[in-house]
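Below are structures written as structure tokens.
One chain, subunit A, appears in both complexes that follow, with subunit B as partner in the first and subunit C in the second.
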Partner chain A sequence: MRMTPVLTRLAWRYLWRNHRRTIIMLSAIAVGSWAMIFMTALTRGMVDQMIADGISVLPGHVQVHDPEFLNDPSVANRITIPDRELAASFDGAEFRAWASRVRVPAVIMSERESRGVTLLGIDPAAEREFSFVSYDEVEGRFLESPDDNGVVIGRKLADKLDTEVGKRIVLMSQDPDNEIADRGFRVVGLFEASMPSFEESFVFIGKTTAQKMLRIGEATTEVVFLGDDYRDVDPTYELVAERVDGGLDVRRWHEIDTYLGTMLKVMDGFVLIWVVVIFLALSFGLVNTLVMAVFERVREIGLMLALGMKPSSILAQILIESMLLLATGLLIGDVLAVLTIQPLQGGIDISAVAEGMEMMGASSVLYPKLYLDDVVLANVVVLILGFLASLSPAWRASRYEPVEAITKVG
Partner chain B sequence: MNKRYLLPCLLLFAQPVPACGDDCDARALVRDAIEHWRGLSSYTEMTMVIHRPDWERSMTMRAWTKGQEQSLVRVVEPRKDRGNGTLIDDNNMWTFSPKVNRVIKVPSSMMGQSWMGSDFSNKDIARADDIIDQYEHSVLSRETLDDIVVYEIESVPHEDAAVVWGREVLKIREDHVVLEHAFYDQDGELVKKLESLEIADMGGRTIAKRQRMTKAEQSGEWTEIGVNEVEYEIELKDSLFTLSNLRNPRD
Partner chain C sequence: MNIVLRLAWRNLWRQPRRTWLTTGAMVFSNTLLVFMISLQFGMYELMIDNTLQVFTGHMQVQAPGYRDDQKMRQAVPGILPLATRLRDEFELDTIAARGWAFGLASSDERSYGIGIFGVEPDYEPGVSSIPGLIKEGRFLEDYDEPGIVIGAVLARNLRVGIGDELTLLGSGRDGSFAAAVVNVVGIFESGIPDIDRNFAEMPLGLFQDVFYMEGAGHQVVISAETLDAAELLLPQLVASLPADAGLVVHDWDALQPGLKQAIQADMSSAFFMYGILVILVAFSVLNTQLMSVLERTHEFGIVLSLGLRPGRLGRLVMLETALMGFMGLVIGAITGTIFTTWFTVNGLSIPGMEEMAAMFNLPARVYPETTFGTAIAGPLIVYAFTLLAALYPALRLYRLHPVEAMRIN
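So, the complex of A and B:
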């Protein structure tokens, strides 16, 4: 190891002896690592958005239902504990927000159309924190109280139903005895959501109004809690689980929407695979360059060996060359990636392909998200795999027979 | 109030004086028309013609009704639809098809959909009575046509009524025959209209023999129901309006 500074100097000089080749290789590595980081940031951004959107309509990081409700979301499987008792049992626990609501499948009808929707009977004051609808941006007005007689629907749904603010629609669902429960409502507001499908599938009415319509007294179908961070909901979960009656089903969001939960996990694996795939393409260039560099100076290596340099030092020199090359390339790539992602933080409008994105649950504006973890992962993977790939040419160089090497014509 | 005074008071109110004004009057007209059409119980044989610009089909059906709540409709012709039935009991609706040999309860989500492919919705069939209580009725006009007084009644649904229409306009003759029933959307545009094309004396009553439902927005699409035979106030067993009878007819 005494030799390392000398070897490093030799390696660095050698790299710039054939600067054209080095620059080409550097740019390949730089572009490769840029692509790794940039694409990762894009997909991360997309998935984060999907999860954030998904959670925003799920709302509630931790939810309490009747054990049967998730399999059969009807009012037959409701929570009969009145709000007052719930409030008493959660007294003293610190949640960002909590609310109880009525969520049932329903049919919405106008003069010309009828559609299936998810009916949410909410207490607008309690849900302000949860809702993906920002109350102030609603055309018309949002619900004002739990016994509001109006209905707020999405703009897309209103278009489909051919209705508008001020007109009446009919909502139809089933009461606990499977009898039809229906009622007319006046549309008081239209909301817009980041995803068109939300606008089509959610309909808000007051909680008390919903309870009356469905004839369920003071019962609700779910109680929801908001924690501080959706990535870490366990503290909230434990707080809730301790206080909720054993007969009810307490779940974290990723246990309710397993698709979203899995998405989050798959993403980590995806980043690694993506990095490795790009590296495989890069490695051919890298190994080729090193092999060329070794062939080019067989006589030189022979001379060094003849002068008494140890084979291990030759090995080390080639490896150092490779590492220097990779490190420089990665550095350039990292800087490039940061520089290109920075101006795009405000979002990339991809509304041209919005429909396709919509199908997989992503919205039409992409916000790239750069995580330090991903950058470190890309760099470390490239360095380690690069080291392994350069072992073979380096090993070959160190095994030359000095006499043969010196006398080699070439 | 002393019991002794109660009787004279009741007698007083029993006079045919419109005790509650225009709305009550109009409401009574609507109720009478529906009751006249249906009777306390009835048996009808009818033919339904569904017309579309490029095809037309007709079905012959038998229908039984009892009171406000119960009715049963069964297809007789054409042969391939024979035995298809619909049972309505107190706002619930079931259908049966011998081909699949299953009784299906029509869920609320399907109430807005077409009944047997016609221009009538399941809701039109199952809940004709709603119009009496869930609306505000008023008489728009009175005119005399062929010596018979015809009332034009506007029915506006209550704020929370489970009705999508902006208003409905009925033309009812003083002998309780409905001449026209028009459905308007909330912008006041006509959406669909049920008209009586032929009026005849049948089963001891004057009724609309042929009625046609037309959708205003699709030209050339209509459904016509013609009554071939009708009997009123007949004895019907309760067992007629049961799921097992829907499945296995015993008539």
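So, the complex of A and C:
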């Protein structure tokens, strides 16, 4: 250990003895680590956005349903606990937000067209935090109260139905006895969403209005909860599970939307594989550089050994050389990555492939997301694997027979 | 063997470890490239085929505007005679007419909004995989029978089985109220939940009656043998449509714009990754060749002073690189092919891929296959960049002064 400062200084000087080689290797490491972080930030950004969008329609991180509802989304499988009782049992629990709502499949008809939609009966005040619709940007107005008589639909849907603000449409669904439940509404607002498919598939009416139309009294079909972080929903889940009756089904978002849940896990795996692949491509060059560096100074190494330097110090010196090379390259790569991601924070427009992104469930603006965790992962993986890859050349260098090494004709 | 070639070959093996490490970098990248490219293009093909064979076909004849809005009144009049004429004209059975509407389907217990296709019972199996996926009951047989075929999830949700009645409610072509009572004759299961939950097919004749289509429909679907054949067919089809009918032909690309764009989006991220791999290999080669040139400065000085032209030395360095690159190319293409073939036999499934695969109509286990093209494309690009990387060390030789070079050791 005593030797470390000397060895480090030696290693650093050795690196710059052949500056061309070092610069080329540094460039390779910098490009590699830049690519690791840049690509990771892009995919993270895409998946984050997908999940944010996905959770915003679910919505919420934890949901409560009748156990049959997810398989058979009908008002027959409803939650009969009235809101007062729900509110009473959630007293004292710190949910960021919660709301009970009516969600059923329905058919919407204008005078010309009909379409299948998901009907949402909501309390607009309770859902402001959840909703993928920003209330203030709605053309016309958003719903104002649970007993609002109007309907708010997406702009795309309005186009397809040939309708507009102020016109009437009919919503049709079923009541618990499977009688047709229908009602006319005036369109009061048109919303726009980041995902075109949301605009076509969701229709908002007041919760009380929906309950009256579907003849379900004070019942709802789902209660949704918002926690602080979508990656860590267990605290919210526990809180909800404690307070909700055993007869109901409590689920986390990734148990409901398994595609998104899988996506998140697959991405974590992808990041690691990508980092390792890049490292492997780099490792050949790294080992090569070290082999060359040792080869060039076999005689010096022999001399040092002959003068009494311990083989372990030679080993340490080569390893330090490799670590310095990697760390410098990584640092440059990290800085490059931050510098290139920074100007892209405002979003990269990829609307040229919007419909393709939609198929994947992603929107057409990509916001790169630089996570400290990912940067640390990339750096640490490269350093650890780099250390392992350098062991063999370093070991060989430390095993030279002093006399043979000194007399070697280079 | 040519003397220069022999010289280059021997030079490579003066530092066998370095040569192998550099070749190793190429082999690693090439193996990965062969595998990824084979997998990628195999998946694209599957994605296209599987998506198109459900409903879309290779192209469709529609009324203008229908593709974007799918309104009932954007209809193709006299659709059955048109489909019959096209079948005769092109001597192709894989042409079928369809109508499409939204409606509320009610059983005794449940009601759901669904998409309803009116199809030609005789020809639909030629353009769609759904008739082949009937797992209970049968497909439609008669143009006017009061029957309907529904998806398995829908059947479960509606709690109906074969022989049960469904009531359909919707709006007709003229905006009037449309209603019908039909019997479930078949249940299909595609394995794609969205399709099994949201769609039903009834005979076109009945469909036209119920929705007041007056002989019209919404799409004539055409499938060709292959995508390439479809491309050839398209202009002939356009030419054979009556000019005054105001009909348009859309190819699959226009009908499923998401498909090609998803492929493009995936390709651009894949190419970014490939590009990085290739660049890293190029750095490796640059480093190796530069070192090998620098350490030979002394001897290069000698041969230059003996009268050898720098150009020949440069070519020697390029030849060395070409030989090394060629080894990387051949070994990489072979290991890549072997690696991929292992998956061709055993299949590849990534944990959790099922959900993602289903999103793109892909099976949970894929069997990538190498073709000559996918096995050689990646390695060739690596080869090109290898040669490019060696240009700098080779060109440096032109600046070498024999006397100064000889002094260096």
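Throughout what follows, the second predicted complex is superposed on the first by the 402 of 410 C-alpha atoms of A that agree within 3 Å, B and C clash if a C-alpha of one lies under 4 Å from a C-alpha of the other, contacts with A are read in each partner's own complex, and residues count from 1 in each chain.
We adopt the following convention: a residue touches a chain if its C-beta (ideal position, glycine included) is under 8 Å from a C-beta of that chain, and two chains touch if they have at least 3 such contacts.
Computed from a predicted structure; not experimentally measured.
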Three-chain arrangement built on subunit A, subunit B and subunit C clash or fit: clash
Which of subunit B and subunit C A:167 touches, first, second, both or neither: first
Subunit B versus subunit C as contact partner of A:27, first or second or both or neither: second
Partner chain in contact with A:112 - subunit B first, subunit C second, else both or neither: both
First, second, both or neither for A:345, with subunit B first and subunit C second: neither
Residues of subunit A touched, compared between subunit B and subunit C (which is higher): C
Partner chain(s) touched by A:285 [first = subunit B, second = subunit C, both, neither]: second
Subunit B versus subunit C as contact partner of A:35, first or second or both or neither: second
Partner chain(s) touched by A:263 [first = subunit B, second = subunit C, both, neither]: second
Which of subunit B and subunit C A:180 touches, first, second, both or neither: both
Which superposed partner A:80 touches (first subunit B, second subunit C, both, neither): neither
Where subunit B runs into subunit C (options 1-9, 19-27, 37-45 or 91-99): 91-99
Interface residues of subunit A shared between complexes with subunit B and subunit C: 105-107, 109, 111-112, 114, 116, 172-174, 178, 180
Footprint of subunit C on subunit A - complex, ascending: 20-21, 24-25, 27-28, 31-32, 35, 39, 42-43, 71-74, 76, 105-107, 109, 111-117, 159-160, 162, 172-174, 178, 180, 258-259, 261-263, 265-266, 274, 277-278, 280-282, 284-285, 287-289, 291-292, 295, 350, 352-361
Residues on subunit C engaged by subunit A in the complex (per definition of touch): 15, 17-18, 21-22, 24-25, 28-29, 32, 69-73, 101-104, 106-115, 156-157, 169-171, 175, 198, 257-265, 269, 272-273, 276-277, 279-281, 283-284, 286-288, 290-291, 294, 350, 352-356, 358-360
Sites on subunit B touched by subunit A in the complex: 91-92, 105, 107-109, 111-113, 157-166, 183, 185-186, 191, 217
Interfacial residue positions of subunit A with respect to subunit B in the complex: 105-107, 109-112, 114, 116, 149, 163, 167-170, 172-174, 178-186
